[in-house]
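Across the two complexes that follow, chain A remains constant while its partner is chain B and subsequently chain C.
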Partner chain A sequence: MRYSQRFILLPLLAAAVAAASVAPAAAEAPRGVFVMAKALDDLISLDPAEAFEFSGVEVIANLYERLFDGNPADPAAPAGGVVESWEVGGGGREFTFAIRRGLVFHSGNPVTADDAVFSIRRVIRLNKTPAFILTQFGLDPENLDARVRALDGHRFRLTLDRAYAPALVLNVLSAAVTSVVERAAALAHERDGDLGHRWLRTHDAGSGAFRLVVWNPGEHLILDAVPDHHGGAPAIRRVVIRDIREPATQRVMLMRGDIDLARNLGPDQIVALAGAEGIATFSAPQARLFYLGLNQANPILARPEVRRALRYLIDYRGMARTVLAGRAQVHQAFLPIGFPGALEEVPFALDPARARALLVDAGLGDGFAVTMDTRSDPLALQIAQAIQATMAQAGVRIEILPGDGKQVLTRYRARRHDIFIGQWGPDYLDPHTNAAAFARNPDNGSDSADKTLAWRNGWAIPELTEMADAAVLERDPIRRAARYRVLQRRIQEDSPFVILFQEKALIAARDGVKGFSVGLMSDRTLYRDLSK
Partner chain B sequence: MTALDTSPGSRLAARSARIFLAGQQLILNPIGLVGLLIVAALVLVALLAPMLAPHAPDAQNLDLRLIAPGGDHPLGTDQLGRDILSRILHGARITLGIVALVVVIAAPIGLVVGCVAGYHGGWVDVVMMRITDVFLAFPRLILALALVAAMGPGITNAVIAIAVTAWPVYARIARAETLTVRGTDYVSAARLQGASSWRLIRRQIMPACTNSLIVRVTLDMAGIILTAAGLGFLGLGAQPPSPEWGAMIAQGREYLFDQWWIATVPGVAILVVSLGFNLLGDGLRDVLDPRA
Partner chain C sequence: MTDSSPPQSDGAVAGQPLGPLTADAGAPDDPLAQAVSAAAGRGSSRLIAILRRSVTFAITFLGLLLATFVIGRVIPIDPVLAVVGDHASPETYAAAHAAMGLGKPLHHQFWIYLSGLAAGDLGTSVATARPVIEDIARYFPATLELATVAILIGIGFGIPAGVWAAVRRGRLADHVIRVISLLGYSAPTFWLGMIGLLVFYATLGLVAGPGRIDIMFEGLVPATTGVMLIDSLLAREWEVFADALAHLVLPASVLGLFSMAYIARMTRSFMIEQLGQEYVLAARAKGISPGRVVWRHALGNAAVPLITVIALTYGSLLEGSVLTETVFAWPGLGRYLTTSLLNADMNAVLGATIVVGAVFMALNLLSDILYTAIDPRTR
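And then the complex of A and B:
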């Protein structure tokens, strides 16, 4: 009997597949270098005018400084960032800002009003995904030169189309998209009039506490502290973010000391690590929401009964208690807790009988089949499968289409999904950020300038859009919060959005790691106080 | 060893006798027998999965997740509280289905291409074999990955991709066999009787190639299972909640340290089944290959 070695060895590969192996790596990360593991599959760009993903915005928050900084303790009063002082005139339409003195870019050049003006104009001219945050103030390429202009070296003026609530304006100017980019550096790398966009996708021209050393997509991102930073030197010399997408791998690396902090561990792993020696775990509230987006271009999902039925086909509490234990809480309104006016009622629970009755009313007693675009990370896939199972109880047959974050988002933004399951994080600390996304859709056409979440789901809502637009002009904070509660109820009752959970961040770190501040929003996750 | 008449009365009798002898030889070969039993068990499990499985493969119970093997769940439950034994049993259907489909698609294509190329020779041979070489030049899994990525994930596309990567080997074997038999006396005799090229290929040459092809296909099945599991593991094959073994491993890998059974059980299933096909293939080669 002759055996060829090859054919006997072949099945052993199966065993190798079973053991998701971890390559042996160097032990403890060196002192002065902080190594963090994070799934960076959503990192598309590091250009503040383009980045609109959690990872990109977080990194930008550490590379750049913004005009204002959000203030979670008092959302109505953001703190000055690059802007030191400001005046409101012209009937609430004219904002004059003075730049803080002594700020310097990584190149050594001072931060001037010209740079701030350039950064805002650049966002409007490039018109990438986050541009709507600024264009909502009536800025467009034609009126830009008049509406945003420098008065002198350290003062500039922003003229809005209407008298918006002041808290909204200042909070908008705390979004990552208002990061101040060094004009000279961006223009030095300009190609075909792109205002340095291609270069800035992988380089930085900011004034933040860290500068970008290198971003190797799929591998790592290295940030070096700016030792003589005007805000004081960061506690750590270098931060390395390794793109590790497997939570299990993150866990092994953490236990071996290859990394100092793991960002993507699931609830089950946190439980298992709770007793491990030398490892501390903690959680922090997040403003991110888990939600389903139902594409209204799909004639079945466009029926109100179907939209309502699907709300009763999700085991919110069951998931929050098990697969999401400690990682999320049930939340069913578009404003996360921590925002003024957030609605805390959770009227929907799993009720297949009621859902079936609604589907029968819609003439869909036999159910229907749809696809669901899902980011293929373990947690999202678990939630998707749990939803798939409960939906099946009323004959809703969901086919899960997993893809990496970038792929799934690209499909969603092109309105090519049936159901999208994913996360939404606010862009700034004002209720309008989420109202603008969930309750506004000024133009449902395919080339709309305003591609909000409602637009992505093809939901034409002139009335709600008007209500959301009116709320931003309400100057009385209490009446303004009341308006947002009305909007939230409307969206809660009937919309293409099934809001599921508000997230919490679960973090595991080596003992001795200090100063990791996880923001309510990803643009407030800062590395400057990190130490180990 | 056998009491059979060595001069069969009819073609049917000859064929039956040959199959009987081969079967007997296979059973007397312990390695081949083990392989045969494993594969037979797989087929049986696949056919009877709904009757054997204690639970529905997709039935979730979030309150009974990550339960260790034993009691009501002999192989434990996974991260969504699904019974792993039931999923493994139902997964056998998917595995067997993939293997069967790939073989049904790839083997005939390879056989025809190889026989035609070998029989005709000349430019037909050159063109067909260079095309074959193009496919052979790529590592199999990489080519399958590229194809699935282009066509979109899913089990149908995975089967097509694996089939596309599987046929060239069969074409090579069939061509080699064809070259050895096309000049033999019985082929010449048939040609002199006026048989057409297609008839010659079909009736005289193809049967001569099938033995080595069967051996090769059986040995390849393990590779097909692994490729399918690999695609499933990478999220390009069967989609959730399908209990495809590779996908089960992928979803269980997060739990390898604390709940080892979620990924290990399907891993063992893949190991056993691919080993079974390999052993059966080896046994068949001893039986069918005249040069063995």
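And then the complex of A and C:
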């Protein structure tokens, strides 16, 4: 029937013409504009008093300046940021800070001691997630006015409840939560006494090297350089972070030249791109750890021989070489490399014979069955399956329970797991941040006010808790580092934690990209030296 | 033989025209009074129909919201975690828990939500820190644009292909179309999207990459409707229009292939049924041109069930395709809804559910109107 063929060909022809008339893709990100692809699904706020996710903290690090800058070269001695100089008095409880002169906010107003005091006070008053970083020094809304106060336009004083190690105090004051917010801008947008919180979630009032142009959730975030910044003009005029959540999409965009840098490629994609023309790949150490949490409410996992046997049933090196392929390095202590006092030795390796002997000692010669809660992302599942395979060599039968990230976390926080594959990132550049999570559990009861990682695994440790609490008061840096080494060894030898790996960031960029500074923690990833 | 040959009996519509006929049976003898009475009767019955439909919509809507709300509260995810994260202190956690009203009884929480909804407040999304209504105004037009172009592709290719396959039943063209339909319907859109990106974007450079528009065009046209093609036309920004079209063509084609496959299969099935009817034979015997028999008589009668197929396909596209939106970095409703659900961000989930529900109801209404236009028995 020719009539029908003719009728059908018409729309086909029209569609082909329409497709052919579509403009071809505009390749190559424009000069002066740096485009990076990153999954921004964790970005929920740009208010320094609230942001705690990796993406938010990273962006804030570029929009704001903090009281102190962490010092990756010597974490025990942080460098001043907004603070130029400081004195410690009052028996080690009073810190008097002098603001660096010549700093200005993006509005053009000078940064003053009033702004610094306002910024600290609003963190405590708003009581959002990162507030605990400052409240650990005994600050609360009632004592705040007396404990944090401006002495004049240039100096302010912070009074702590105890004489903490000075390095701890200064490291805490280098966290993103101490970013200095312009008081006048925040209060100009205050609604219902929120200290400008609603406005600051999507705007900036900082003095960093970049200012926020726009954040369109699900699409992109645009930052413009501050050309007359006191630290010097950034090398690039504009940074665009595109919210690309699918790694394979990031890869094709990089190959095409539509982006300059990809942040979320998997190990296999990095390997595939390693020899590609016009593309360079590199990795950078991160402070985040992969670990197993063994719930001590399970009577089998509570036996010391079992806890030790499981340490010999993991092929750490094999996984680092294959499943993780450059994404992580074997690491078996709770302080990541780069932190003062971090242990670098890795005493455990796959040894099924030794594990079987330990299980026989525990009266479990035939092995046992146990469940393992795992996030259902490909990497976590691959790690889980590799662990499942090696554990089976000694008769430990693991049933993997995959679930969405927040779903498995909900079970973990409620202590309803057997084994949990977790990731843990420190909150600030000081050993106490991880010691407080892994080696402290002041109250193992279900209503505990301090639900640390040790609590989540039901591990009652009064002695270790005392040791961790003593370490925060140790003023001598060498002795303090030694205390943390002791704590790490204790956790390494026998605890419900099997520390597996320290993460690395895998980056792929177009040739010619320079100056991308990936920090050990996300609050040290800075864009000011980026160029292409 | 008339053009409106009797279609096959359809239980869903066969009884509807009887209402007005029955009402007319008792009319008085006076022609004017009869006319007024008939008009009044038609008016009141129309009013009753509208009222009945409105009540049905309201109950359906309420049921949809209640079911979504309950599911959101019973899923094993702690909604506070999405707000405060894993590291928050117990005090911060408790404050967020209280602020979200999670300590109140479930029915009380639902009532609070409904009260806000009545005042036009859909709450604030946890994931974007913005009012849900703003998010929907941003994400839904993106999905609307993608789904509309996709369904146009699906209709434009699917109906002719289905008709052709039915006419050439059992021959090569029929087999080819059936295989293509099977592939289009069964191949994962995620995989098709990736292959499409690799071939047409990364290798051949024929289309633009992921996203709705190049970053250099960002903010050049005011978001009057939120639909990039329309906004760029309204602003007479032809370059922006071309760029938006270049970004749209690949994801719309991937989704269009999926809808085309379904529409083609269903069209073929409906047409085969119609082409076997006696009225088709009679029409051919009368010497009516074969084209007119196929396109006017047979397709005209197949159109009623086809409208349902198209409406349902369009509705499912308007829900948002999370995989296509993820692969193409398309900031649409599907990705928003899925992300919100996984974060137990219930304000966002409920807001998106309202939109999806309204879309299906609107399409239902549109289908009814089209039935009336196409099938005289339903008037």
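Keep in mind that, in the parts below, the second predicted complex is superposed on the first by the 365 of 532 C-alpha atoms of A that agree within 3 Å, B and C clash if a C-alpha of one lies under 4 Å from a C-alpha of the other, contacts with A are read in each partner's own complex, and residues count from 1 in each chain.
Simple rule for what comes next: a contact is a pair of C-beta atoms (placed from the backbone, for glycine too) under 8 Å apart; a residue touches a chain by one contact, two chains touch by 3 or more.
Please read all numbers here as calculations on a predicted model, not as lab measurements.
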| item | value |
| --- | --- |
| Partner chain in contact with A:146 - chain B first, chain C second, else both or neither | neither |
| Chain B versus chain C as contact partner of A:478, first or second or both or neither | neither |
| Contacts of A:399 with chain B and chain C, given as first, second, both or neither | first |
| Partner chain in contact with A:73 - chain B first, chain C second, else both or neither | neither |
| Chain B versus chain C as contact partner of A:269, first or second or both or neither | first |
| Residue contacts on chain A - larger count, chain B or chain C | C |
| Partner chain in contact with A:248 - chain B first, chain C second, else both or neither | both |
| Contacts of A:315 with chain B and chain C, given as first, second, both or neither | first |
| Chain B and chain C contact sites that coincide on chain A, given as residue numbers | 1, 3, 7-8, 11-12, 14-15, 19, 246, 248, 252, 403 |
| Complex contacts: residues of chain C adjacent to chain A | 75-78, 81-82, 84-92, 95, 126-130, 135, 138-139, 153, 156-157, 160-161, 163-164, 167-168, 194, 197-198, 201-202, 205-212, 214-216, 218-219, 242-243, 245-246, 249, 253, 289-291, 294-295, 326-329, 331, 335-336, 339, 342-344 |
| Interfacial residue positions of chain A with respect to chain B in the complex | 1-3, 7-8, 10-15, 17-20, 246-248, 251-252, 266, 268-269, 272, 315, 318-319, 321-323, 376, 378, 381-382, 384-386, 388-389, 392, 399-403 |
| Complex interface listing, chain A residues touching chain C | 1, 3-5, 7-8, 11-12, 14-15, 19, 22-27, 29-30, 33, 35, 41, 44-45, 52-53, 127-132, 135, 201-202, 214, 216-220, 222, 240, 242-246, 248-249, 252-253, 255-256, 258, 403-407, 409-411, 413, 427, 449-451 |
| Of all residues in chain B, those that touch chain A in their complex | 29, 31, 58-60, 62-63, 65-66, 79-80, 153, 219, 222-223, 226, 229-230, 233, 235, 239-241, 246, 249, 251, 253-258, 263-264, 266-268, 270-271, 274-275, 278, 281-282, 286, 292 |
